[in-house]
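Could you have a look at this structure, given as structure tokens, before my questions?
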Amino acid sequence: MIWQQLQSLIGSYPLALRGLAMTIALSLLSLILGTLIGFFLGVLRTKGNRLIIRVIGAWVDLIRGTPFLVQIFLIFFILPELGIELDAFTAGIIALTNLAACFICEIVAAGIRSVPTGQVEAALASGLSQWHRMRQVVLPQAMRVALPPLVGQYVLLIKDSSVVSAIGLTDLTRVGWLVVQRVPNGLLVFAIVGAGYFVVCYPLILLARRLEKNMNAAHGEVQL
Amino acid sequence: MLENFSFRTITEYLPLFGYGFAATLWLSIVSFAGALAVGITLCAMNLQRSQALKVPAKIYIDVIRATPLLAQLYFLYFGLPRLGVVLPELFIGILALSLNSGAYVAEIIRAGILSISRGQVEAGIASGMTYFQRMRLVVLPQAFRVTIPPLLGQAIVLVKDSALLSLISVSELTRAGQLLASDRFMPAEGFITTAACYLALYYGLKTLAASSERWLRLRPTGNLK
Amino acid sequence: MIKFRGVNKWFGALHVLKDITLNVEPREVVVVCGPSGSGKSTLIRCINGLETIKNGDLVVDGQRLGDRATNMTELRTEVGFVFQSFNLYPHKTALENVILAPIHVRKIPKAEAEIAGREMLAKVGLADKFNSYPAELSGGQQQRVAIARCLCMRPKIMLFDEPTSALDPEMISEVLDVMVGVAEEGMTMMVVTHEMGFARKVARRVVFMDAGAIVETGPPEEFFSNPKTDRSRAFLSKILRH
Amino acid sequence: SAGTLDDITKRGELRVAVQTQGPPFSMVDQAGKRTGSAVELAELMAKEMGVKITFLDFDWDGLIPALLSSKADLLVADMTPTLPRAMKVAFTKPFMFTGSTVFAKAGSKFGSIDACKAAGTKIAVLLGATGEKVAKETFPDADIKSYKGGGPLLLDAVNNGQADCGVNDVSAVKGQQAAYPAGTFTIMPETLSKEPLAFATRYDEQDLLIWMNLFLDQVALDGRLQKNLDYWVNSDAWKKEH
Amino acid sequence: MIKFRGVNKWFGALHVLKDITLNVEPREVVVVCGPSGSGKSTLIRCINGLETIKNGDLVVDGQRLGDRATNMTELRTEVGFVFQSFNLYPHKTALENVILAPIHVRKIPKAEAEIAGREMLAKVGLADKFNSYPAELSGGQQQRVAIARCLCMRPKIMLFDEPTSALDPEMISEVLDVMVGVAEEGMTMMVVTHEMGFARKVARRVVFMDAGAIVETGPPEEFFSNPKTDRSRAFLSKILRH
């Protein structure tokens, strides 16, 4: 029986590859866009005017505080009522990008806040403009602090991307649901789905750990 | 969908949402307590010198972080019965959430402990404290303060993750919204009400995190030169 | 060059600068000393606008601070500032630290800035450290890079906030030597320091502050040998005792 | 104003929302191709309209919003047209009748419907499906567990012992047990209810609704409906080819 | 009391302690000085086992370090250590800092420990700061708490690693005064410091280290006025110049 099921599963590999490709495409696109927007928002969150800071803060709270599924539904099904018609892929990218940007914004803001004020003052004292202070002095140092949690967040976002299957995109998790209709063995099917995510996520986790270690080495690692 | 948004139907389903809210709340609390236990154990293993304890903890944490909760949940739900262990769904759900969040909690606590300066540990060594005295009297009380805000952040994640338990027939908040959507075909009403409930939980936890942070800042710790 | 007239400053309820009036002439070297928390750092940080003043007049290089017409960024390029904790950019090499502001603020071509930067680093005795990162340098070397970084902007005024107090004893002299060199070339300088040897050698005036006010001013020989107020006497007895 | 049918003709495309809830109605075969009884009926509809067909594949959660937000023209699934549901969407005539049945693992003590009525029996049903309602009425003392994700998971749950028996649409159960070795399950001969299955459109698509009802009449008359049901629902014939 | 005989230590490839031989008698006060990186800290950290030695003999209070029979935890209760950066426990008040080890290591009842702790804090001039947290104390006050914390364990030996080098100039004297008091009560002390006034006043011997080796030892008067080696002469010229 298991043997039969396995055979049947192996036959589904084109579907699985398509799902994996969809997961990777969704994640890659939205992570790149989300990182860019997240950086921009993160800088505004620490340096912008008070109103902007509050608006960004409220938006981040709203996105972090509600289920991602609901966000996708609103974008895909409710936006058309306001005249914004989107196909499923675009809607998925927008929802994931928005989610990514909100989390990344917080990480970047924390990184910027961790740069010692002395650094900003030194830049200020030598007459560097706000843009150069950010670009040359603050961001490169904030990056060192932000990079490990950023990569860690990528892993979480890749896993969150599975929710977009609710609006009809056939990603890796969705393939699991489709296959389990024909091969009704939840354990086997979702173990394989899990392995698919592992293949994508584990290198990122290793990267995050590596970055963290480099940072600690630079700051002198603490031993107990 | 929005122009016929029916608040009246929502009020009809309100008791169901109330029940779901309470269920999500208590099973999140229990799962988080479990996650703390799992996390502390894993972290203790991870900080040992012995590779026999360290390596399994590391592998566990990596595997949990690199795979989706859904896969872990099904792994327990369909896997345990094959080993002859049949447990109620609720129990399996709480177990899965605890085991999943525990891996993240372990990393948070580890970061907290490692953030304590070497000098603090040395001061303990120099005054003749044993390893456990140092941990208990010097390191952990300080690490505890550092970890409270990120732990509450993890609690927020856990509350939202608990929605997945509706898949293994645990009735909670998400389930209430789905019922409204499938009985009455009112998805907008169902999901927006669900989202509002989660948002309320989120703000509760966030307020707690903010006030704990303020409390921690009031109590002088001070980064010394 | 620097003119304080009736300057006051508060941090919340704390009155940190009380009615400060002080005049620093071009090419003059002034040493500021006083107990911890007396407002020395605040005083010199006001000069290049790292702190803003509440009332009174503060005129630097002919421009009144707080005026609309005064372009702070431009003014700051004329005023160098050396910090107690060096504040070198840790992600840039010594040379990159030195040429960053000339390139982006003074808009000097990179090649040209590099030549000037190397020259300046050589002048402070770091000809062999162009490509070292701050973390690879000793404290004394870092502070000398910081001084070179200021000098490279060719400022008219240089401010130092306890430039040697984070250094090991043997490194102090190498930094002070560089500062003496700068002073002797005719730079206008205000230096917060407790290094009395330095004050004796190059300062034209010592300013003693306590609790936010200037208590005593005078030439160093007079101030050290014959302090006029009880407070300065008590202070000097503490720091000179060992 | 132009009706939905005009829109479809102009677009050249019929957009159909489906849920992949499992054989025999809607499934994905090994090659990844969408197929099943309901799917083939929809394809037939498009053929008769002379347009191509596009399937939009949703979870149960997304199915109704897709129809209500006009992402899809119609909804093709094994859906029971209950009266509360019909307050929101317009159902066609039923294309077939079925009923909920009870199944259990072969050889277990849950060999009859009465045996399943014992207090505490764990009964697996699909969330939101009619089987859920029926089970609650028939087994008031039982412990009803609602699953999401399609009928095959009910069989898996019963097979694994997470539930003692399951309640679902009889044709679905019969179709889905095919994935297991013959004789794994006992399917009770009685049905607990008689339920129609129908397609759904919106109430603002009256022209489409009329057309679909006509279509169902036509295929019933010319035998194409029966052929479809005989192939997919009333026999195991499909299993050889899919 | 402390006996180094041919002690060597490496950090990786770096030979930090080279063949150290040194004898400290009971009630003797020894000052260690030398350039940064010369191994002073490493030397005294070895004495209470914060660092382990590679070879040679190190006997403290009659017990040989590295021996199986030597209980390091017990030995450490006899050896107090004062750090350059104080290392007070930031989550405990001054009094709690002082009594923590007596209660948990010496197992003294809390009430008794509190009495002794208050007494000790009063002795270092902090009678009004029992309930202050470290962050509320100035650097000099923090270092005095750290000294009281050591004294409360009633150690036989006290080690100081640059106890005043993180302090503002006026705070140095208050800490040195306390240290002079401890020395005069007959404590065996090893102090790494560059405070020559302190060395002159209480040290019986000054040990000068360079590049991991002891280069010169002698009574302070002799060492300061008439250093025997070129290296100590160069070093002294640097730190005494200002």
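Letters A, B, C, D and E name the chains as they come in the text, with residue numbers starting at 1 for each one.
Criterion: contacts are C-beta pairs under 8 Å (C-beta built on N, C-alpha and C of every residue); 3 or more make two chains touch, one makes a residue touch a chain.
Just so you know, these numbers come straight off a predicted model, no measurement behind them.
*Asks:* What's the overlap between the neighbours of chain B and those of chain C?
*Replies:* Common contact partners of chain B and chain C, which must touch each of the two, are A, E.
*Asks:* Could you tell me the least number of steps, going only between chains that touch, from chain C to chain D?
*Replies:* Minimal hop count between chain C and chain D: 2.
*Asks:* Just to be sure I understand the contacts, which chains border both chain D and chain B?
*Replies:* Output, common partners of chain B and chain D: A.
*Asks:* In angstrom, rounded to a whole number, how far apart do the mean CA points of chain A and chain D lie?
*Replies:* Measuring from centre to centre gives 36 Å for this pair.
*Asks:* Would you mind pulling out the distance in Å between where the CA atoms of chain B average out and where those of chain E do?
*Replies:* Once rounded, the distance between the two centres reads 46 Å.
*Asks:* Centre to centre, by mean C-alpha position, how many angstrom separate chain A and chain C?
*Replies:* The answer is 46 Å.
*Asks:* Residues touching two or more other chains, restricted to chain B: which are they?
*Replies:* Those would be 1, 77-78, 82, 117, 187-188.
*Asks:* Specify, in ascending order, the residues of chain D that touch 2 or more different other chains.
*Replies:* Chain D, residues with two or more chain partners: 61, 65, 68-69, 149, 156.
*Asks:* Using the contact rule from the top, write out all pairs of chains that touch.
*Replies:* A-B, A-C, A-D, B-D, B-E, C-E
*Asks:* Which chain A residues qualify as touching chain B in the complex?
*Replies:* Chain A residues touching chain B: 61-62, 64-70, 73, 77-78, 81, 152, 155, 159, 162, 173, 185-187, 190-191, 193-195, 197-198, 201-202, 205, 216, 220, 222-224.
*Asks:* Applying the document's contact rule, which stretches of chain D touch chain A when the two form their complex?
*Replies:* That would be residues 20-23, 27-32, 56-59, 61-62, 65-66, 68-71, 149-153, 155-156, 159, 176, 179-181 of chain D.
*Asks:* Mind pulling up the chain A residues that touch chain D in the complex?
*Replies:* Going through chain A, the ones touching chain D are 1, 5, 8, 11-12, 14-15, 18, 69, 73, 76-78, 80-81, 88, 165-168, 170, 174, 177-186.
*Asks:* List the residues on chain B that touch chain D in their complex, please.
*Replies:* Within the complex, chain B touches chain D at residues 1, 77-78, 81-82, 86, 89, 166-169, 171, 175, 178-179, 181-188.
*Asks:* Which of the residues in chain B end up touching chain E in this complex?
*Replies:* 117, 119-120, 122-123, 125-130, 133, 137-138, 141-142, 145, 219-225
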